[in-house]
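Every chain is named by a letter (A, B, C and D) in the order it is written, and numbering of its residues begins at 1.
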Amino acid sequence: MTTYSDDVLGRARVTDNADLHAYYDKLARLDAGALWTIANKIEPWFPQPESVPVKWSYQELRPLVLEALRLVSGDDAGRRVVALYNPRRRDIAATVGLLYSGLQIMGPGESMTAHRHQAAALRFVLEGTGAWTIVDGQKLKVGPRDFAITPNWTWHEHGNEGDDGPVIWQDGLDIPLVNAFDAGFYEVHPDVYQKQEGITNSSLHVYGAGQLRPFGDTWHKNHSPLLAYPWEPTYEALLNAAEATDGSPYDGIIMEYSNPLTGGSVMPTMSAHMQLLRPGESTLAHRQVGSKIYTAAKGSGTSVVAGQRIDWTEGDIFCVPSWAWHEHANASRSDDACLFSFNDFPVMRALGFFREEAYPDNDGHQPVG
Amino acid sequence: MTTYSDDVLGRARVTDNADLHAYYDKLARLDAGALWTIANKIEPWFPQPESVPVKWSYQELRPLVLEALRLVSGDDAGRRVVALYNPRRRDIAATVGLLYSGLQIMGPGESMTAHRHQAAALRFVLEGTGAWTIVDGQKLKVGPRDFAITPNWTWHEHGNEGDDGPVIWQDGLDIPLVNAFDAGFYEVHPDVYQKQEGITNSSLHVYGAGQLRPFGDTWHKNHSPLLAYPWEPTYEALLNAAEATDGSPYDGIIMEYSNPLTGGSVMPTMSAHMQLLRPGESTLAHRQVGSKIYTAAKGSGTSVVAGQRIDWTEGDIFCVPSWAWHEHANASRSDDACLFSFNDFPVMRALGFFREEAYPDNDGHQPVG
Amino acid sequence: MTTYSDDVLGRARVTDNADLHAYYDKLARLDAGALWTIANKIEPWFPQPESVPVKWSYQELRPLVLEALRLVSGDDAGRRVVALYNPRRRDIAATVGLLYSGLQIMGPGESMTAHRHQAAALRFVLEGTGAWTIVDGQKLKVGPRDFAITPNWTWHEHGNEGDDGPVIWQDGLDIPLVNAFDAGFYEVHPDVYQKQEGITNSSLHVYGAGQLRPFGDTWHKNHSPLLAYPWEPTYEALLNAAEATDGSPYDGIIMEYSNPLTGGSVMPTMSAHMQLLRPGESTLAHRQVGSKIYTAAKGSGTSVVAGQRIDWTEGDIFCVPSWAWHEHANASRSDDACLFSFNDFPVMRALGFFREEAYPDNDGHQPVG
Amino acid sequence: MTTYSDDVLGRARVTDNADLHAYYDKLARLDAGALWTIANKIEPWFPQPESVPVKWSYQELRPLVLEALRLVSGDDAGRRVVALYNPRRRDIAATVGLLYSGLQIMGPGESMTAHRHQAAALRFVLEGTGAWTIVDGQKLKVGPRDFAITPNWTWHEHGNEGDDGPVIWQDGLDIPLVNAFDAGFYEVHPDVYQKQEGITNSSLHVYGAGQLRPFGDTWHKNHSPLLAYPWEPTYEALLNAAEATDGSPYDGIIMEYSNPLTGGSVMPTMSAHMQLLRPGESTLAHRQVGSKIYTAAKGSGTSVVAGQRIDWTEGDIFCVPSWAWHEHANASRSDDACLFSFNDFPVMRALGFFREEAYPDNDGHQPVG
């Protein structure tokens, strides 16, 4: 049985002395060091994320997001976004792990300029009816609870063509991940704005019936050709699945937004899910290698993350660090509740890092600290 | 430039003589032969299918199909099916190439016994509202123009629970293909009938929103977990695509029924399509390596296959042999027309045999003989 | 438990009568038929190959192969080949299943013209030291027991640049398979002969250390870029494996010639193996869905195929039809014996047809009839 | 054309003021921030690695590595390794990017205890003839210039069974990468030492002829079943390839150690190469997204990395940060030179980050600063 003491044979347990310190100095002068002085730290018994569970209250943040409308112009800000930072990850602008999220606001009639970057982006709309985005020439209209993607290196620009109020959507990007690999590139569009090609929502028209694919299609990129996933059919799919299956004991009814041409994740670095907690449902705790960011999409409830209770209602965002236990409960006995989430699981799987396990004690529920 | 004469250097062109005939006799006694005597025949310049274009008129066949109801019981027939034979392929029961098709009829209240076989099957419903099938325990209800699959070696049984008339559906199977490879197996169900598991149409509930996949799903078989593809969303998908794309010059708006978990064909040996010809649309001729069987699903029109004119209306079936030129026209200037088809293209692709080309002359249309 | 009688519920068992015969006549006039009259035949309980086990004795055939040198010129024959026919498969020129094999002879100094065809080819050299082939511009020299491939649609031509005698090699092609799918194409080379590009055996130089691949390589074809697999390293690999593993109880030490860039079969329709039977080794019987053609490459022994004893020595060829039991024994107690074989297993796997099972009785050995 | 100024429309260019500072304070209290204050930093125009080119001289480091033999015991150190640190990456123990490397020493007769960890490891032997490693029960003997892998979560232990001197090998691990994803796990072996299974170097016996794979093999792990790649056949493969190809203008003759069952990289997070610079050869400069660590395996030469000249001779190690220009030259006009290297390219490809480009100016050579 594994013991978690570092004072065992098989762990580094050198007692330092003057000779060794002199030795370490000599090594340091050659851009070197003694591995045993840090081995236990860099090869921990299990993941030791610096990220902690955090909840961002939409009720608290929304006024500040609205305030940004007045304080900075879209053209000056590039994007008018309130970023969500994990306390000890501010240096790399991470919300949790190597993922970033923020709340973007666009006033009625506003539009942002076009650019592209190596980082991949996704959007989850929180409020407002006028949101649009143009991704590689394709214009998409998105409304509340819709999910959309801006795959890496696609030209994109956004705007709000409504006249009834601002749009606020949640951005999710893999910026810290891209930077961790020294892989970031950025370009502004040579014409500042793209021209729309084809009809609005064209990928929904062509790929929106996922089990029917255009014959002769030559799509070969590493992301989904379907760029938006509206709320209504997503919710209907969850209700349908709830009639036929019991779902997951850890997640209720949970579906992954997928690339209809491969069945894989929508982009190679991030995947997204929508899950439904039935009235009165509370799930069992489990944990996975990988980082996740949740958004309360419908209803209200409580999650317990690493022993910390998080109450949520629509618009609230919270994160689950890698290998942190988590479980969810719908607060209502009459209405269902939905959680949107995105994660870096495609990376964990591609690199062979993914693991998951169920909470073994206490009937599957964590004690709440 | 290729010339199609066999009297060229590079083709077999041995002049037989008495010595050679004596030699051939000696070879024959050792289960051998001289390749040059048949080389040009077995390595033709281009495909030389024995299959020919055939149309089966639903108006003509339907009375005979109905007559079978009276002539044989389902239990005695195993399946009460009128098979469609290509004239020179009767010996292997092929409709075209290595594909088989037939019209199956079940009277109100009838049910067939359960079995499984190495051959894969698909169904396209022509008439009747009471049809059901149970595939590996999953009960599916299917109606007119619905498409369903019975992948190889799945237990299956069918019936008609309506009381308003018989069900007639079209079967498509790869029986000749399986037999060509000496790969056929067959079993009757040990309990004669299966027990239904879960709710009716459960795969539609779980996998029917193709771009949303159940998270944690462990499906790993080589066929689609989605076993039925109803007509309404299929037709809607075609109409949606027609708004966003011009479609194919050879096929109009054409979609392939797909495995939502892979984007691939529904089964490894056969794929199926539904295509929509817009009012007044006539397509250009092309040809492909692979065999196809078409069914007029909606409206009426005319196809030209290998220079032969085929007029079709709902329920008619016709075939296109490998490498035969074909083109389609909707007969109506006001209504759209739809053709269902299935083919062996997945095999052609897996084996590296697939080719296609456009008809080069006459503005892309064949002369009609 | 499956019973193999057709007189059971679940099989077709209609008793014909005058009414039915009249009905069948009406169907026949519409290119149709009653499925139940042939259902049991086309959906057998288990594979019913028309191919039978056959042995072709090299000692018997070799004089006839040599005789062809005198009887026909290479240019007239196209290829000077004695084809091996399964008795009931002469109509499709098959050696077993949908595979073809033959013995090709080229005299000293001879060369054949260049062509290409949809059928894929492989070669196994039986005798002679001067053999060469040019495949898509790449010249390869092959000697006894070497294995080489001519993937489909590659330009190829062969010759014998030795002066010490003829070359005889075994050809293996998928001609009947290609024809079964109406997929055959053929072209003679526009210049009659190819020009050699690069050095001789260049693919061996570049890809011949299979676990080292050229960085930046852009090979994307569906066949191996390595076109020849010499005997010496193959035999050494078998000896090496024999030191580390027990091998297969059915095949001794058996290796599959592979595409080093994918680990898959050398071509999509055919795979080839070399197996080593240790001194005194006799294997257990098993059977597989798929057709195989064996060549005694080294030593002598006995195989039992479908209960039929086949004694073999170097150069002998024999076939194993699909689902036929087979087992092998090395006749020597002091020397090892090697069997080369090729098969259509890649197709069986791609289409989901592959099965195998061990002979269950009699300590795993068939009774010999 | 892209300009690299941040003072353009499309970049963040907000002028801060008192109101904004008050706003930023309010955001900070809610674990949030204004994206525009850091957007340009976290989305750079092109990669901005903190890693710099570094050379570690074997002549300088070797005495210190030897000194460790005396200073610490293997059992206390866990592993007796001098780690190589990039100056600004000491905090995460990285040699370059998210890769780690170090020099491990084992005295004659020493053996280390067994453990496993999520990080993957590779070894390149610099000196000593007695090195062995046991990986998941398989014992491997490795000598100078041999390459071996210890895939993630495999049990492993090492030792030196020679009596003629210490073994020094280079370790390469993805520890910083694993930690960046909070994915690290570690276990000591329950029995402290493994038992050897099978013969020494068994994977070399079974998989060492990469284009011949054991038939019926069921390997399904995400790393190569071949655990060691000896120097002699690797060098011979390079010489063979040099006869048939011109190689790469940027790398000379370069081969990637591959998984013989897939043709892919040996492990999902790291790949390794051996390249040969012909006598007098100097390559052109290029750059790639991804981090690389080179070791001079044979001969001597000069590389230019990001404009910095690095002279190397056998045993020297140097690194190339992501997107840094680099080119190589063999110092000898009579002997060839070889560079071993490993990198994180498999990750770059899996995540869609890989790019490369040639140095456009100055005939393809960097100015040396």
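We adopt the following convention: contacts are C-beta pairs under 8 Å (C-beta built on N, C-alpha and C of every residue); 3 or more make two chains touch, one makes a residue touch a chain.
This one's a predicted model, so the numbers in the text were calculated from it and none came from an experiment.
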Repeat of interface A-D, chosen from A-B, C-D or B-C - more than half of residue-number contact pairs shared: B-C
For subunit C paired with subunit D, centre-to-centre distance based on mean C-alpha positions, whole Å: 43
Approximate Å spacing (C-alpha centroids) for the pair subunit B, subunit C: 30
Between subunit B and subunit D, centroid-to-centroid distance (C-alpha), Å: 52
Set of subunit C residues in contact with two or more other chains: none
Topology of the chain contact graph, where touching chains are joined (line, ring, star, complete, other): ring
In the complex with subunit C, residue positions of subunit B that touch it: 1-2, 8-15, 19-20, 23, 26-27, 30-36, 38-39, 42-49, 51, 54, 56-57, 60-61, 64, 67-68, 71-72, 75-87, 90, 92-93, 97-98, 100, 102, 113-115, 117-119, 152, 175-190, 192, 222-223, 268-269, 289-291, 321-323, 344, 347-348, 350-353, 355
Residues of subunit C touching subunit D in the complex: 198-199, 201-202, 204-216, 224, 226, 229, 233-234, 236-237, 240-241, 243-245, 248, 251, 254-263, 273-275
